[in-house]
Amino acid sequence: MRFFLILFLLVTICLQANTIKVCESCKIKTIKEAILLAKDGDTVSVKKGIYKETKINVDKSIYIIGEDYPTLDGQNKTESIFAAKAIDFVISGFIFKNVGLSYTKEIAAIYVSNSTNFNIKNNVLEDVFYGFIIQSSNFGLIQNNKITGKSINETTSGNGIHVWKCKNLRIEQNIVKGMRDGVYLEFVNNSFISNNTSQNNVRYGLHFMFSNNNEYHHNEFRENGAGVAVMFSKSIKMHHNTFHFNWGAASYGLLLKEINDAEIYDNIFEQNTIGINIEGCNRISYKNNHFIRNGWALKFRGGCYKNIFEFNNFVSNAFDLSYNSKLNDNKFEANYWSDYTGYDLDKNGIGDVAYRPVKLFSYIVNNTPETLILLRSLFVDIINFSEKVSPVFTPDNLIDAKPLMKPIEL
Amino acid sequence: MFKIIKYSFYDLMRSRWSYVYFAFYFALGFVLLFLNNDINKAVITLMNIIIVLTPLIGTIFGVMYYYNSKEFTELLLAQPIKRNRIFLGQYLGVSFSLALSLVLGLGVPFVIYGLFNSPAIFDFVLLLITGTFLNFIFVALAFNIALSNENRIKGFGYAILMWLFLAVVYDGLFLISLVIFNEYPLDKISLFATMFNPIDLSRILIILKLDISALLGYTGAVFQQFFGTLLGMIISFVVLSFWVILPVGRIALKANKKDF
Amino acid sequence: MIEIKNLTKKFGKLVVLDGLDLDIKSGGIFAVLGPNGSGKTTLIKSILGMVIPNSGEITIDNISVLKQWEYRNEINYLPQIANFPANLTVVELIEMVKNLRPKKSNENELITLFGLTPFLNQKLGNLSGGTKQKVNIILTFMFDSNLIILDEPTNGLDPVALIHLKEIIKQEKEKGKTLIITTHIMGLVEEIADEIVFLLDGKIYFRGSVADLKNQTNQTNIEHAIAHLLTKENV
């Protein structure tokens, strides 16, 4: 009996995961060496220091943990620093510097392909071309990384977190600045993107292409070249996000193109050139969103049916609504419009006169963009007023029949 | 000249109209804050009011003060004072007292409401600066009109017409011509046209801050450069200064040639 | 003291002063008479620099005054209409004018003389026309200048104030000051004027003493004498 007990202990000790230390004064001086020695389940603990290594292949179920933020220096070689292809691995706590760039090869600080159950967290990426490239992988968590780039234009820059053909990912609490797209998702399904901050990216803060059944919430997108783009995707939930200060002729808080059955609620769109640009979108429900001081709160580009806008706040936008085709099949009801000047005699909180969100001036600016320079002129107010009294140019039936007297609480 | 400014200023500060003007802005500030319940929104509404009303009040006051103090001016003219100093002194006296009514009348309610803790403070300050500029410009224009018209009914009429033209008609003609010549590149011309109307110029200056998100929606490169950089602000302020300097210069010239 | 040469002033097409030549010697009271629109006020205002002549020359003590302003420190002027900033008090106005003319002044004496003490702290807008004229007179006479120009000084004055005014004028004359007066009150002219200039259509039509005028027209009454001058013109 005692013998079996000793044998059992020995076996468990042998099977127990080991920790392999890497440092300048250690026996093992490189991460590559440590990974070679490691078995599944082992931890590679990398001490503080500078490691000039690239093309570190992660092909085992191991935990690679940086202690006190060791620096990985890519020496600008055209190779990724980590190339992972494994089940169950963690890369955490590193600073990445001098990661190479290539316009032909896919190079990133961490390149993940055909992996499952992975966890990339607490890393700092400085001046990278591509931050992470994740391909054909499932069940990954990308958390609490900070990625910065120095992108100047779209053609010579890469994405912060570039995901292609994945499922069941969680991208959380990352900060991405100065890349082309902060987060780029193509053919990604059933994933959650939350609590990230994406700002000052040259193109989009977040970019969905052909990705269905995803949910993004509690993110902040600010001062991106063109805002957030969601294209050719189905059933996406977007809520509790903040889109602000996305300024420019082709800049949006949110760009929706060919989107069906989405839910957009509890978001804040503040001071964007266009709050939401909507093109070819059907059956989208917009609820409890706050449009504050945007150039255009909503801009319809045509082909939109059966969208419902209710209980949203439209506050101090230069234009609440602009469109260039018929908008008959969409419903605006019970929103708060700060420009509404009607009254509520029966005190039920709903204005007694319908509100017309399209102003004559919005129609004029659509046709002659230079007239924008007359924004908020007294003359413009006068013609808007006369159009309100007897509509000639703006559609007769585009109204909010039950405008709210008080804004929805945030 | 400072003596003249001082006495004109005292005179106006004690007149009922200064208080009416002050009270008007004071009440306006409170009503706007009460109705909007939000400094940011109140600032936007205020902008619409300021760019229309400040010029109107400046015009009316300027003309009224000039005609009402005509005999007093004659008294001064017999004193050993240089002519244009009398008029510039009166001009500055009126302008300063109106500016003070504006700044205090609006400033006090907003400060009570917590302006200093609001990010809107810069917008608000810009609004007051532009309002003050408009005030100086329109008092100067009014003085010019009054100096050129002995008949006060005529002078008053011309002054009001000038205001009406710059506040409404100009923009109407501007808009119509933009729509008619829609096919041509118009961005430079339209920027240029704003420079010739101080009300438009002030409006641009304020919306550069308040509605920059919308202004940047226009694709023209000239617009982008004008609105997207500090250039727009600087040019607007410089031209606005010219709008003060030129009419004031004419007051000085005209004053030297006029008979009393 | 004052020399005016070839002074011409036109308001539009209307010629108000037509090549006027005039010299006024130092000391004495000089009355400028003439029908309405004859150019009296324009002449005075030209001397003061309030009207800018089309051509001609005005010198005071041999110094040209055109486009100058400092010389006005030596002139006291009583304008025709007394109207002041309505919201200043009498004291403030007096202080202001004193402030503008850094010169010795004796306003207190005059204030007592015209009984203005109770009005000192009232706003000018609330004063009656006569009281305003008294203020006007104080502002004019409180300084000690060699040249005093009075444009219709008797406007709106009560008899007592009128007597005071005449006294002041006489006192100033005795001090050797030069006074130029325009008025329609011929009694006043006869009483105080040393020399008369009669203007008509922008030209000097008569110049001399009251006695000369009566002699020339064979009239005993100055008003008739003036009327005679005018009818002679019409003949």
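By written order: A, B and C. Residues from 1 in each chain.
Simple rule for what comes next: contacts are C-beta pairs under 8 Å (C-beta built on N, C-alpha and C of every residue); 3 or more make two chains touch, one makes a residue touch a chain.
Keep in mind it's a predicted model, so treat the numbers as computed, not measured.
Trainee: Which chain has its C-alpha centroid at the greatest distance from the C-alpha centroid of subunit C?
Mentor: A
Trainee: So which chain ends up closest to the centre of the protein, judged by Cα positions averaged per chain?
Mentor: Centre-most chain by C-alpha means: B.
Trainee: How many angstrom between the C-alpha centroids of subunit C and subunit B?
Mentor: 42
Trainee: On a C-alpha centroid basis, what's the spacing between subunit A and subunit B, in Å?
Mentor: Those two chain centres are 45 Å apart.
Trainee: With chain centres defined as C-alpha means, what is the inter-centre distance between subunit A and subunit C in Å?
Mentor: Here the centre of subunit C sits 87 Å away from the centre of subunit A.
Trainee: So which stretches of subunit A touch two or more other chains?
Mentor: none
Trainee: What residues on subunit A touch subunit B, complex-wise?
Mentor: The contact residues of subunit A facing subunit B are 245, 247-249, 251, 271-274, 293-296, 315-316, 318-319, 338, 364, 367-383.
Trainee: Which of the residues in subunit C end up touching subunit B in this complex?
Mentor: 9, 11, 45, 48-52, 69-73, 75, 77, 79, 81-88, 92, 96-97, 99-101, 123, 139
Trainee: Which residues of subunit B touch subunit A in their complex?
Mentor: 40-41, 44, 47-48, 51-52, 167-169, 171-172, 174-175, 178-179, 182, 186-187, 190-191, 194, 200, 203-204, 207, 210-220, 223-224
Trainee: Which residues of subunit B touch subunit C in their complex?
Mentor: Contact set of subunit B toward subunit C: 3, 7-8, 10-12, 14-15, 68-72, 74-83, 257-260.
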